[in-house]
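Labels A, B, C, D and E are assigned to the chains in the order they are written; within every chain, residues are numbered from 1.
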């Protein structure tokens, strides 16, 4: 097994953990954080390929991750704001009960 | 390789623990540890800039956001313990995740990767900056706009709507 | 402009910081156990009993156990037991003396009312304030022996008031002696021929600017009702 | 914590202008529009915090049960009595003279004015005249006490604002000078026990009067420096204006007196209204605020200090000689005729008054204190609602309470 | 570089390190050098912390017209002939040691309801994070523990984690005051992170480097031989420096931004339930964080270890760094001695409505500076000064609107 494969396996395991959390938990914050985990797993892949993959432009992998981190930050901010807004309306952030769009 | 093993253990253990715990604050803090672990992984892989960006954004900012969300959506100190999830739901989730992981790992192991480059690609800060402000300047602008919109959107969504104060 | 007020404030503190090294008005700390400030003469802490004779303090207490201070003391921290016998006082007149005189300094609030009401100048305020002890009870309950301090000590801590008191007391003594003499003479005269005695007896009146408050006329008002005493 | 369970009607604070405006027109709290009802189940959770009795900024053993919405105070319950010492009952069970040292311990910063108010009440009751010189000395001491109290207050207020002790230490530096004067006159720095019915206990020497003159001459320099440090400070200007506004209406109906009332713009100063002592003979002005907020309360005190200094300068010029104590004054065994009297003066904190009923015995039949800080404290909740917890602290500081007087 | 580069004193620390480690084989050599750097940082800044606590208390005392701690001496110093006059008190120099002993021997109280793990981790994490930031500060010409390409980024990434520790402390204590403090700390630290980072972006732009060593090197020359090239002497640099220092005050929880531990409001904030050694760790972390931020300010704006004038270069570079660092630290203390505290909402306004816009303006200002390089220096300087002072005045005026000093009427 070469190091690239190891890194990829690590990232897929991390992705699986995030997926399991997003599916199993009902607390909205945890679901959102599970999604964050999956995003991070993807970023791991970029870096792994940048490090061990066939040489392309030397900064491409890094560029990908930088943009991905920025977008992830935006996603987290909006997601958490949404959660707070939902909580304001329903006093609860269990996802099963947050199935109405109108408060 | 030992370093990789330690980092991988840190990442996976903190992630799975975070996702299993009942106490939300602990979950978030463990996730922060996980993010820090990922940053260490980047460092290990030689991507300094990404590692520090990861630390700054995730450990510095996203963690704060999550903690704020946790604090703002609770009723008391003891309100944090989440009700246990239903067993069937958890089972299905684990099965799905396991299946996905299996497929992914199977693919990874089955694919021929050939020879990996051993030497880490050398990227200087200056190079990165030029790339960011040159080749990828469109992306940079778009990200800037997305972040601004997200900031405004976050503020608008989370701010109290005054007229709704019944 | 924003920040000018802050800069002004910073200038003030800087001035004080620098001033504390050369300007005594900006360095007001007195480092207590090494340096002690001169106490003002009127400083008061706890009462003490004045005795006229330093070598035999118990024999020469001015206190005659009239118990006025005991009755007037606001927190009721004075306890007096009268003696059974009488001793001659400074004028030679036989007087009672306190068999027990105790002040609970843990209760005393240093108000000086006992001093003001004492008709005999027998109790005065002390200036000793380093009286911390490790025992809350017995060590703070001062008895007659601990309370008694000679008149010279009184002169030492409060020269003006002591001189004034001494002057008044000597005048009173002299008057009393003259009165006694006159009485004796009158007696002798009465024995010789029954006619009214000379009644012009000069009595000393306190000066208007006395450092203590003017006292009620004399000990001649014993009709002070005792306030209800709290249960011991 | 359990906000939704709190459904008692008294806990409801309606958003705008009070439950029953007709009942107590002035006494409805005037919270800002951002105050929510305590039992509103919708908007977030409330946190009930017990500030005190051992909290750094409650000025003693005072306790505030504060209900917070985030950082905003939505309910505040003052709890006091931790320092209750049975003052009034003690006064009824001791002689008139023996109550005098106890009055020192009411507002232990201003024992001289407490003494004076009590002496005034007894003098009224017993019909006791006071010599001219004593009146002068009393006025000097009262104004010095005002300086002392206000300068302390300014220091403590800044301490509550979070300045790490510096203004307070400057204030105490000046207060110390006044306390030294008190000590050399009466023998004690704070528990002066100086006034008597019918005059004062000790005649001040000429040297002492000179020291007062020197102090009065040097005080404005300190005040200028103090104001340079504080008054123009942007942080102070951000913290205090508009915080804890007291409307004149509420102030009058709640019985507020002293600088707090005058900061609300009501012209009421017992020195002018009653004209007790020799105040009517001298010219001084009474500063009045317009907003009744914390900044006004602070500034009114600073301005009052300046007025007091002017008054002292005038008074120090013509102190008459003569006795300090009425020679006929009876201290021990005073038995006033049956009757009642109320003696009040303008203390530094407000109207300090003593109400006495005599039944002809050596002890008063009824002895009642009207403590200014206690009455001023009653509007605390009204001032604090809608402000943050940090503001509640400085509002409490600007009310100027001394727990010895509040709890008695 | 001048000839003083290899003066004995200048190279002394490096020579010493090399002498101690050169005999080791290559990888061990590297490890030993790193370890020596860590130990040196710990020792120097640990003792600086100790002295700083004493200096702060003494300075506060002097400002308040009192001497400050001056009793606690060190044992046996009274026997030294040249210290005899101090009677063993040596101006209170023993105070930090006594404090340390007191802190160590005090009972460590953990509330029963507290989150034991977080309560324990918080001080450790706090201290670890503050110590990590020292890794990239160039203390002298060749004295930087770790030379990174993106060291400025590293500094702020490591510093960002301290707010988590504050949160852990406040949350883990299960105390309402501590919880309020935790909320405050989160909001404050995240709000001031932004101006803190934005304020030095101009420096990075102009210096063209994200490495601290490179930034210092870019400042190490003189205009006309006597005006140093420090960034603080340019209009945008000065504005950036001020914003940086204000944000640094807030980031290190120092007065007037000490809201998380606002004594008069929240007792001790997130430290309410801490005692003994854990409290000492927090205290230490606070001071170390302050020192690190000051060190960064020196590096970014004050020319790092460069001497102010060319002929002063004979003094070793680390001495210059120390002098500048101590000056900034004294500034921190001076401000603490003077200013009252802001309120939470005002604190946020200051950051979002004042500092952040100013930072953005400053960024534009820097561009102007960069593009007008052809103009004479004085013209360029004035132009940029106007560009930054005008918005400062305008925004400042809107910030303090309606709070002018009042006039009062008097009743006769």
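Criterion: a residue touches a chain if its C-beta (ideal position, glycine included) is under 8 Å from a C-beta of that chain, and two chains touch if they have at least 3 such contacts.
None of the values given here were measured: they were computed from a predicted structure.
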Legend entry - Lowest number of touching-chain links that must be crossed from subunit A to subunit E: 2
Inset, instruction - Just grab the chain with the largest centre-to-centre distance to subunit C, centres being mean Cα coordinates. - result: A
Legend entry - Contact-richer chain pair [C-E vs B-E]: B-E
Legend entry - Inter-chain centre distance, subunit C versus subunit D - centres from mean C-alpha coordinates, in Å: 33
Legend entry - Separation of subunit A from subunit C, taking each centre as the mean of its C-alpha atoms, in whole Å: 85
Legend entry - Inter-chain centre distance, subunit D versus subunit E - centres from mean C-alpha coordinates, in Å: 43
Legend entry - subunit A and subunit B, separation of their C-alpha mean positions in angstrom: 5
Legend entry - Where subunit C touches two or more other chains at once, by residue number: 2-3, 6, 9, 12-13, 16, 28
Inset, instruction - Would you mind listing the residues of subunit B that make contact with two or more other chains? - result: 49, 53, 61, 68, 72, 160
Inset, instruction - Could you check subunit D for residues that touch two or more other chains and list them? - result: 42-44, 166, 170, 173, 229, 232-237
Legend entry - Touching residues (chain side subunit C, partner subunit D) in the complex: 2-6, 8-9, 11-13, 16, 28, 40-44, 68, 72-74, 109-113, 116-117, 125, 208-209, 211-214, 216, 221, 223-225, 227-228
Legend entry - For the subunit D and subunit C complex, residues of the former touching the latter: 93-95, 97-102, 104-105, 166, 170, 173, 176, 180, 183-188, 191, 193, 196, 201-203, 225, 228-230, 232-237, 323, 325, 327, 329-333, 361-363
Inset, instruction - Using the touch rule from the top, collect the residues of subunit D that touch subunit E in their complex. - result: 47-49, 55-57, 68, 71, 158-166, 169-170, 173, 229, 231-239, 241, 267, 269, 272, 283, 285-291, 295-296, 299-300, 303, 388-391, 393
Inset, instruction - Would you tell me which residues of subunit E are touching subunit B in their complex? - result: 113, 115, 117-118, 148-150, 153-154, 156-158, 160-161, 163-164, 167-168, 171, 174, 179, 182-183, 186-187, 189-190, 193, 208-211
Legend entry - Parts of subunit B lying in touch with subunit E, wherever the complex brings them together: 25-26, 29, 32, 36, 39, 48-49, 52-53, 55-56, 59-61, 63-64, 67-68, 71, 77, 124-126
